[in-house]
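Read from first to last, the chains carry the letters A, B, C and D; within each, the first residue is number 1.
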């Protein structure tokens, strides 16, 4: 039974980190960033030297872990901020639909850029191999990585909530999320806040790519896709714009997916995802504004 | 009963597909044209290009030796861009360029549109390395063939070899439901298992190729009273690496069997010192193939493309042109029906990568000699050779 | 009640939009027939199928303002329904053992098959719509996306009825361009008729001013449901014709890739206008084909100038971003309409191609 | 030298002209009321001054430098603090967090922490109710309390000019009295220029200072509030008598 708990927690933490990355950007810009999944893929490929032949030439990947992790986080944050400056800054006054399609087009560009540099065959990398030997906790056996993922995620979530609650920058970001114009009228610099949100979101994407890279051992162009879909759903279920909601829903979705996988009878198991999506629709029907609705986001009549 | 039902099915299919039978268009200046409607960009490029390079090697050899029926083989190609709609266009453009034989993508799903255009123009089409039963008569039409071996044969080969040579008795079946190839491998395994005396299925489970974690499935394996002797894993890249890595990380050391889709050493660094892992291959890319001609071929391939073949999926390209050219020589013309007739006469036709047999009902291989590659402490190598005792019957294939 | 604007006059005033758009499609078809090469013919067939899909999407997304990610699910329903109806019974025995016996025995020509497939998809749109239409905004977008994912998962695993991830083969291939042209023009006129109908007007009112619309007694979920169902049916028809254009279908043909390309064409063309929907498809498709033609190599002088492989998609993405940045409401924010002096008189016409003598005085 | 100079400002929304060539100046330490019926363009003018909607024509200067079309955060940092119509309170933040937000712009200067703390104390003295519930969520405050909070928040930015759009909107008369009484006390206590949009001209007359009357997007009257109090010109302008 404990095993299921740990599995649910580790998958849930992946979805929670992803949902947080999307909620941060939606908070300040009402933009659902579809390019987020490709930022994840890009951060992993940044470790490799561009080459189209099958064997991966691990370039930055050989750095010791205390250099490697900051490097990936920086790459994720950098790409995310760059995408804000180059692309999304021009869409400040566009409608949500236009911004969404622009973010999809950006994701498309990043994906095919990687495809051109690295070809479509997944490249294997041994990322932080030390993390994969099994460890025994209260009777449940699992790879050390799974434990590290859960702990790292909890630490990151705690650090982020302190940052958002206590620091001035966090205060400005929350204010901008609730009422962008009013925040500017109090001297809050719009571009700096938005870039900050993108940087944080990019760093979270970097964190996901470390976990995914270490867990699956491959750098594949579509690796960000599956996690991002679930994270995107978690953001909405959690209540768009509310960071706590995104994290809670991320863990719930992870748990639902794992529980369904263990509970369902064998012939229904392939339909597992269908049940998860069915649950998503039910939740939305009863709480359209999400589990923890962020106060400011409801349109006032 | 099955034969008759199948034949009527074929005729019905042929009827719907031949609104216009193309004349036997030989290229204006008399040489024979082979059209490549394969992926030069997009996801499938990594799988189509190696097999296409191998095919080009055989074409160059034939042209150097005076060509086919005294004529040089000319090549035209069109990019399917790993897109089905674009695949149909690519097929049509190579046919318009006078292709007498159309080579289509490795994977059945992406190759079928182009193959269907060739079939409707009454031309012979070859799948570069598709291993699904549909890549041929059942899925396209009487003029379509596949240069590779059926996925089911791989499943059956691994099951019988593990049973005979490794005394494996209880097997665990883990199927990745995302791709039809995986189901093909496991279908072969399901057919072979009951024929092995006192071998039993300890359990089975499914997962998705892009699942971030298969922790639940692994917990179920660990909950078994006894660790299974062998796990029949039916999956392919990229999910395969993550699944194998998670199985070994959870401390499960039973033998892992898989189809040829994970052949190649490029991914082994992701699962450091992996052992007890077996894969069937048509030829070895590790330089230790028992047949010296294969080693010579690998050298020639390296010289032409600048790198060793990454996986065994390169070889079917070579076999394809080899058997097709032989059929054309024997038919004395490139008329599609004559060539098909000759191909269907081939029984155990020797090729560089094992015998090939085609029959009117099955333009594919349901029995083939496989080399067994073992990964030991992260190093791959050929350890054995195996051919299943009897061919996989049609109903097991069409399940 | 003062007299309602006579529906006939509203129709008269706006008839020029669908007529011009249909004329553009007819011109394209004539060029294709004249040009005659089969790959180009296939390209045009793809463009017409896309027109049906994007117009179907416009009927709901354009008029209701709710961004739906789920409509390609109905295209999937339509495509498989067409397969069930038009494949030879012998092939159905092999691929779909689980189908009811009467359906396996049935083999319809592709015309009625496509229409029935559209109705089949429309029925499911009605069922799903009844549940989903109470939602609005981002919640509705996610709910429709969850619906798409559910349809895809079911169709990718229901072995006996859809042969799961196996490619379904044996769907009669239609290579002539005319049925696709008729389908596209039909979709354009259905969209136009709905837009000016009572439901269409009420829906657009609800889109622009929800509170005012509610206050004036418009039952928003109901008018949305009408658009959702009609849009599902048209997307189903599109799915059926798409199946007949290639002859082989798998569930993942109708998933995220097609969803985003269809949405992008609608948004780049102009999300709120029928002209935007149709011209969005035509322009983006020609752009894609142009880039592919460049990639295949263009003889410049003696050497051929060719884009390196894979660059085509990157350029497409960049061009889309630039268009969206320059014209956030899309390239054709206003309908093609004949100018006032022709008596059609409704607002200033945008760059209306005058070459069409659409006499409607 | 006037602190705020608005010259020939025109504001259009699409084809609708909300404000047509409005001009006035405001000297340091002065108090100016802008009154007029609904839809006179008062709020549009305030939004233009705050930089939220850049004017179609004309020019605005603040403290001698032009601020037409500059970003709201830059205008705020120059010392012009705007309290918009509808009291935009950050509901999900606490009262103290709302107030501290105003000090963000000075965080570069040395010793800003001390100044911020003293400013906070001063706001709490002016509006004691805010101190009691300083850690409570701002969204739970009553209308009057929210009005006090947004004014306090504007004060925290240590502004030279505070512009308030309809402070009495939706407040009971006695609450509005309290708010104004505090405002006047504040102005006396520290050199502060006030620009207030107030719909009821009687309120403006009571408080005194200069008054501008706007209707149909144009300035009709500009003079001392007290003197204009009874004149028919005020009634005529207000209710449109004798309009040809």
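By our rule, a residue touches a chain if its C-beta (ideal position, glycine included) is under 8 Å from a C-beta of that chain, and two chains touch if they have at least 3 such contacts.
Bear in mind the structure is a predicted one, so any value in this text is a computation, not a measurement.
K.L.:
Using the stated contact rule, I'd like to know whether A-D or B-C comes out ahead in C-beta pair count.
P.N.:
Here the pair linked by more C-beta pairs in contact is B-C.
K.L.:
Give me the ID of the chain with the smallest distance between its Cα centroid and the all-protein Cα centroid.
P.N.:
A
K.L.:
Averaging each chain's C-alpha atoms to get its centre, pick out the one most distant from subunit A.
P.N.:
Centre of mass proxy via C-alpha means gives D as farthest from subunit A.
K.L.:
Using mean CA coordinates as chain centres, what's the subunit A-subunit D distance in Å?
P.N.:
42
K.L.:
In whole angstrom, how far does the Cα centroid of subunit B sit from the Cα centroid of subunit D?
P.N.:
Computed from C-alpha means, the inter-chain centre distance equals 76 Å.
K.L.:
Taking each chain's centre as the mean position of its Cα atoms, how many Å separate subunit A from subunit B?
P.N.:
Computed from C-alpha means, the inter-chain centre distance equals 37 Å.
K.L.:
Could you check subunit C for residues that touch two or more other chains and list them?
P.N.:
157, 309-310
K.L.:
Residues of subunit B that contact two or more other chains, please.
P.N.:
Residues 41-42, 45, 177.
K.L.:
Which chains are in touch, pair by pair?
P.N.:
Contact pairs between chains: A-B, A-C, A-D, B-C.
K.L.:
For the complex, which residues does subunit B have touching subunit C?
P.N.:
5, 8-9, 12-13, 15-17, 19, 40-42, 45, 78-79, 81, 84-90, 92-93, 95-96, 108-109, 112-113, 116, 120, 132, 134, 138-140, 177-180, 183, 398
K.L.:
Per the contact definition, I'd like the list of subunit B residues that touch subunit A in the complex.
P.N.:
Counting only subunit B, the residues touching subunit A are 41-47, 82, 177, 204-206, 208, 210-213, 215-217, 219-220, 222, 237-239, 241-242, 245-246, 249-251, 264-272, 307, 310-311.
K.L.:
Could you please specify the touching residues of subunit A with respect to subunit D in the complex?
P.N.:
Within the complex, subunit A contacts subunit D at residues 168, 171-172, 174-175, 178-179, 181-190, 294-296.
K.L.:
Taking the complex as given, what residues does subunit C use to touch subunit A?
P.N.:
Per the touch definition, subunit C meets subunit A at residues 61, 67, 131-132, 134-139, 142-143, 145-147, 149-150, 153-154, 157, 211, 256, 260, 263-264, 267-268, 271, 308-311, 313-314, 316-318, 320-321, 324-325, 328-329.
K.L.:
Using the touch definition from the top, list the residues of subunit A that touch subunit B in their complex.
P.N.:
Where subunit A meets subunit B, its residues are 3-4, 6-7, 10-11, 14, 53-56, 115, 119-126, 129, 132-134, 141-143, 145-146, 212, 215-218, 220, 222-223, 225-227, 258, 261-262, 266, 269-270, 273.
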